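Below is one structure; the comments refer to it alone.
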Amino acid sequence: MSGNTFGTLFRITTWGESHGPAVGVVIDGCPAGIALGEADIQKELDRRRPGQSDITTPRKEEDMAEILSGVFSGKTTGAPISIMVSNRDVDSSKYEELRSTPRPGHADLTYELKYGFRDWRGGGRSSARETAGRVAAGAVAKKVLAIHGIEILGHVIELGGIRAKSANIEDIRENTEKNPVRCADTDASLKMYSMIQAARSEGDSVGGVVEIISPGVPAGVGEPVFDKLSAELARGLMSIGAVKGVEIGAGFSSAAMRGSQMNDPIVVRGGKPGMLTNNAGGILGGISTGEPIVCRIAVKPTPSISKEQCTVDLGKMEEAKIKIRGRHDPSIPPRIVPVAEAMVALVLVDMMMRGGFIKTSAVG
Amino acid sequence: MSGNTFGTLFRITTWGESHGPAVGVVIDGCPAGIALGEADIQKELDRRRPGQSDITTPRKEEDMAEILSGVFSGKTTGAPISIMVSNRDVDSSKYEELRSTPRPGHADLTYELKYGFRDWRGGGRSSARETAGRVAAGAVAKKVLAIHGIEILGHVIELGGIRAKSANIEDIRENTEKNPVRCADTDASLKMYSMIQAARSEGDSVGGVVEIISPGVPAGVGEPVFDKLSAELARGLMSIGAVKGVEIGAGFSSAAMRGSQMNDPIVVRGGKPGMLTNNAGGILGGISTGEPIVCRIAVKPTPSISKEQCTVDLGKMEEAKIKIRGRHDPSIPPRIVPVAEAMVALVLVDMMMRGGFIKTSAVG
Amino acid sequence: MSGNTFGTLFRITTWGESHGPAVGVVIDGCPAGIALGEADIQKELDRRRPGQSDITTPRKEEDMAEILSGVFSGKTTGAPISIMVSNRDVDSSKYEELRSTPRPGHADLTYELKYGFRDWRGGGRSSARETAGRVAAGAVAKKVLAIHGIEILGHVIELGGIRAKSANIEDIRENTEKNPVRCADTDASLKMYSMIQAARSEGDSVGGVVEIISPGVPAGVGEPVFDKLSAELARGLMSIGAVKGVEIGAGFSSAAMRGSQMNDPIVVRGGKPGMLTNNAGGILGGISTGEPIVCRIAVKPTPSISKEQCTVDLGKMEEAKIKIRGRHDPSIPPRIVPVAEAMVALVLVDMMMRGGFIKTSAVG
Amino acid sequence: MSGNTFGTLFRITTWGESHGPAVGVVIDGCPAGIALGEADIQKELDRRRPGQSDITTPRKEEDMAEILSGVFSGKTTGAPISIMVSNRDVDSSKYEELRSTPRPGHADLTYELKYGFRDWRGGGRSSARETAGRVAAGAVAKKVLAIHGIEILGHVIELGGIRAKSANIEDIRENTEKNPVRCADTDASLKMYSMIQAARSEGDSVGGVVEIISPGVPAGVGEPVFDKLSAELARGLMSIGAVKGVEIGAGFSSAAMRGSQMNDPIVVRGGKPGMLTNNAGGILGGISTGEPIVCRIAVKPTPSISKEQCTVDLGKMEEAKIKIRGRHDPSIPPRIVPVAEAMVALVLVDMMMRGGFIKTSAVG
């Protein structure tokens, strides 16, 4: 199991390199009978697309999704859905000089050590371009979840040290997509935008924190003991390049709390048990409580910077200097939002299928 | 896949409830020919054992490990290793009153909603007693890793808001097990100890942060794209009850860094590429760099507290008050250290087997 | 994945050696709320038990099942069910002389070559005693299937070259368990019995064919493309020691048929589509048709015979003669019947859960 | 796990429908550094290609393989290999009349019952066209195996009741590909050819038996207990449409043998233990012995025949007659040979990787 597959019942396999002919994904296990067209996928790919604003990489990719299988008469058939996105604006020239000098903070060195050689063009398999497949599959997962009244809302809550005000679900739904930073707090988004521009002008980059909230998940999703919903979310989110931390609910701040603060009081709401607060982030004992699922990820600053850095010439095995050219995002959080949403959607649909909440076919 | 199995090639399945006859684990995929005896397992179980100090639960369990299969003439045979730990000091009387009133912060409510009924005795399957199986299996994993020169060192770095000074590997190795808090900073450990006693006397509990460092892991461990070493560690650690966050290397603090700070400069060390710093926590692109693997987990305060809390009587579906009796740890971090180490060891041995670093049998 | 686990959603892991302290199984993924007691398991273990008649091995094992977890108040909880069967009548003395001379037809040589050494006592892990765990788990699977009106009927249809008359489901249900050969044709069973006694008296053994029929399986069970119901049955049945062939429906005889003979005509029956014949064995395109599932397995003659055979002394690497002492069944088919039934039951319950026919919990 | 993925470490996922834009496969886990080009894949696809002789379907497909990822500078990189084969000669007109009348012996009815509707064009996902992905992936597996000196040789040994003479490995290697029937016995191949033509002229079809021999597999491949090499082969082979039986070595004929006949005597050969005969088919206790692996499959007659058959009109739920038009093979065995070889190759490479015989990367 080489690691390019994600999920148990709703399972995706991504493939493709940054500068190869195409990238893509095969989705196996999608329930039959879901209305699905290329527009559903395109909508999400456009949110991940390079060149969507002046704070993203200028690489020009239309990222057109082609569905090659698994859909008939506008509906999923239960067969694997193969989706392909061609690479068009490929320019490997800037990468030739990086063939034997691994970029700090990138996977160049570790791929080289692991495999003995690597596709050095544009980062090859370890490029963020791989996430196009995740986002395409996530779009399908979101279609399935929407039928069950579940929404996935990602937004930037911290960037370059600037923290957004806390936002409720309506704010996030309304404001996030209105600014290129994808921050629900408009004031903060302006400061973040300036911060990104400043970092870029200095040949540097900035990190941030993204939050993903999922209202509508019913109670009972998640499997004890190892396959807790929280564990699956942590795995899915940590598998995104540049993510260095994952937390659920109160997360790291729970470490400084008392039990009497942390425990969410249980109350009766609408004739059913509910929680007065949501420090648990919607998950107790690895199983959803019925409250919104709340995750947060720490996103490191883009490793590709034009400032001079120390590296090693692997051919001569001697130290060398490197200044990275090429086209890069000065800050990853705005474009990681749809990727993180995709991973949360993929985990939720898979765990809901495992728990029997979503039927896979007409029988059963 | 109901979720009680962990790992791909070195895979464990735990079983058992808090107040049933026993808990245990079956390890499948352990390489043949590893010297193994019950003492190897006992050593780790003793670190997890209840009643080991006056800041842990007073439940008295000897937690004697019995190896029932897979070992012949003092060596593993390659067959499944079944390990059983009997439950002896079982007292379900304190739990009868909790049958219809779920404890806040616990899995009582979510198990009840998911399965329609539950083994309410001592938390049943969701009890921390389940971790005995993880620790027993982790002891076997550590034996395998030790052959490859890999160590797993866990220690408490924050508790009840008190932060320990940063410690190097020698400090951790020397000092951690000398105090009941398992903190490498002796001064901080005394303050943490007092903090725990204070919280307990108030009928409350405290959370903390545990760090696990693994020196000796060779470069090249971990599989792209979804099965990144970081992703597998996140999943394994987040699957421990009470863990609400996981970070690797600089983790959440990387969100506020510039790329030029975060990127670890690559240098030549001993004729091979190395890193001058370790913000990456030993992992780039999901693959180990050869530097120590560094993980941190956020541990919430023990949900079982004797202070009065709000809950719901599920029978009458009306709000109720609850004061939890029974025997509980006032703070989880000291006892979670061996559990977190076990999970890291299990992930590492599995990923090293997947990467071909560890042979499974005499052939191949 | 070392290979001691079977199933995807209803998944079992067996452990234990022939002459170790015990053998057992952990069942993960059993739906919650199924009535289950030790008697349910004992009933099936008694059918597999050594010493049940004078044509089985005289090893005396009571094979008492102990349920160690996963059952509360007489019902399954959804947590792993751990079942243990102690080994009592262990006599390793006859095996000492086999330490360096592998028995022809056995796994001795291949285990030795694979692992570099082996537990030689009574066949160790490769002993048929391992099937006690399968049968115990199969008993649980049968309980689940019975709720859905599904029966699993195994019977011997050929032994030592003697073929039974074809039998209908009522015959099989009525007659099979009335004779020690487990053949629904009473006349043939007597001849088979004599054949077994004759082979034994010559220091030899005989093989046979076992058929397993499962009426009541609804249409729609099985997943295309690789996880066809037929493929999963083939894997499960071929994983039983001594099985050298598996066929579904017309099986090998279909190779000599014309399409016009083989194709089962589709008709209307009770307002639904049905088949006039069942050459398909209840499976088309890997998915159940609603007709009874029909499998057959070829069982080789017991490899342990007292006739002199050629082998090799692995220590001296020179040819040697061997006469096998110890206690053995002169013919495996009668005792393999409950094992084959167990494997079919395990496959069916797993595939029905994968297809959504069986709910795993109260939700969903 | 919807079932379109096969393998554990060398794992393939196929996708595509008979009359969609393309079919394909993603291979995950192929070792890095294997020389691979489109010609390697084309060679095998040409053996499976429709229209290759006058006893196959006249559908005209060039079946050109495109490699879309995972290969760089003529070598595999360790990343997923995505291979696509476009569908060109698509004619769905003959299938419109079959929309509500399922063809006997086909998956039409079971897909309809399972999913509630189906892609009826050319059999959709259940078409034999799906095997193009298997054969493409098998070509890659064969390249890997060839490095280890392992060959996969498939040939027809029985067709329409005609049995070929037994053939040794040299015969099979020399003669099989010289006749359109793929039978190593030239005389028998002529009779089989006439038999196929006769059946076709009667609007009927014939079945057969295919044998696959794999010399060169080292001892020690295969995992006890459930993941026996024999069990994995059985699963892989039974997952091919039209296969109704699988046997290993002596197979079903072992049922009528005595132990003294069946057991292969162990001898010293070249300083190592070997077998004098190979009734075991190269597998004992689920682990390879070092002798050639021998499998046989029963292939049912093509269900698509032009003779009138009974079926049901699902719309009106009343009985109907059907005569199948369209383009079909009158006998499957000749074209199933490369598919069966592919499945054996896929199982072997996966099990050899699981056993550590094949390295996945430069490290480890």
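For reference, chains read A, B, C and D in written order, and residue numbers begin at 1 within each chain.
Operating definition for what follows: a contact is a pair of C-beta atoms (placed from the backbone, for glycine too) under 8 Å apart; a residue touches a chain by one contact, two chains touch by 3 or more.
Worth saying up front: this structure is predicted, and the values here are computed from it rather than measured.
Relative orientation of chain B and chain D, expressed as the C-alpha superposition rotation angle, is 180° to the nearest 5. Separating the centre of chain B from that of chain D, both taken as means of CA atoms, is a distance of 45 Å. In this assembly, the C-alpha centroid of chain B lies 38 Å from the C-alpha centroid of chain C. Centroid to centroid, with C-alpha atoms defining each point, chain A and chain B lie 26 Å apart.
In chain D, the residues that touch at least two other chains are 1-5, 8-9, 14, 79, 113-114, 125, 219-220, 224, 354-355, 360-363. The touch graph of these protein chains is complete, with an edge between every pair of chains.
Every residue of chain C that touches chain D in the complex is listed here, in rising order: 1-6, 8, 14, 102, 104-107, 109-111, 113-114, 125-126, 130, 158-161, 199, 204-209, 219-220, 222-228, 230-239, 241, 243-268, 271-273, 276, 280-281, 284-290, 298-305, 307, 309-312, 314, 317-319, 354-355. The part of chain C that touches chain A in the complex is made up of residues 8-9, 79, 218-220, 224, 352, 354-357, 359-364.
Those residues of chain A that touch chain D in the complex are listed here as 1-5, 8-9, 11, 13-17, 20-24, 26, 28-30, 32-33, 68-70, 72-73, 75, 77-82, 84, 113-119, 121, 124-125, 360-363.
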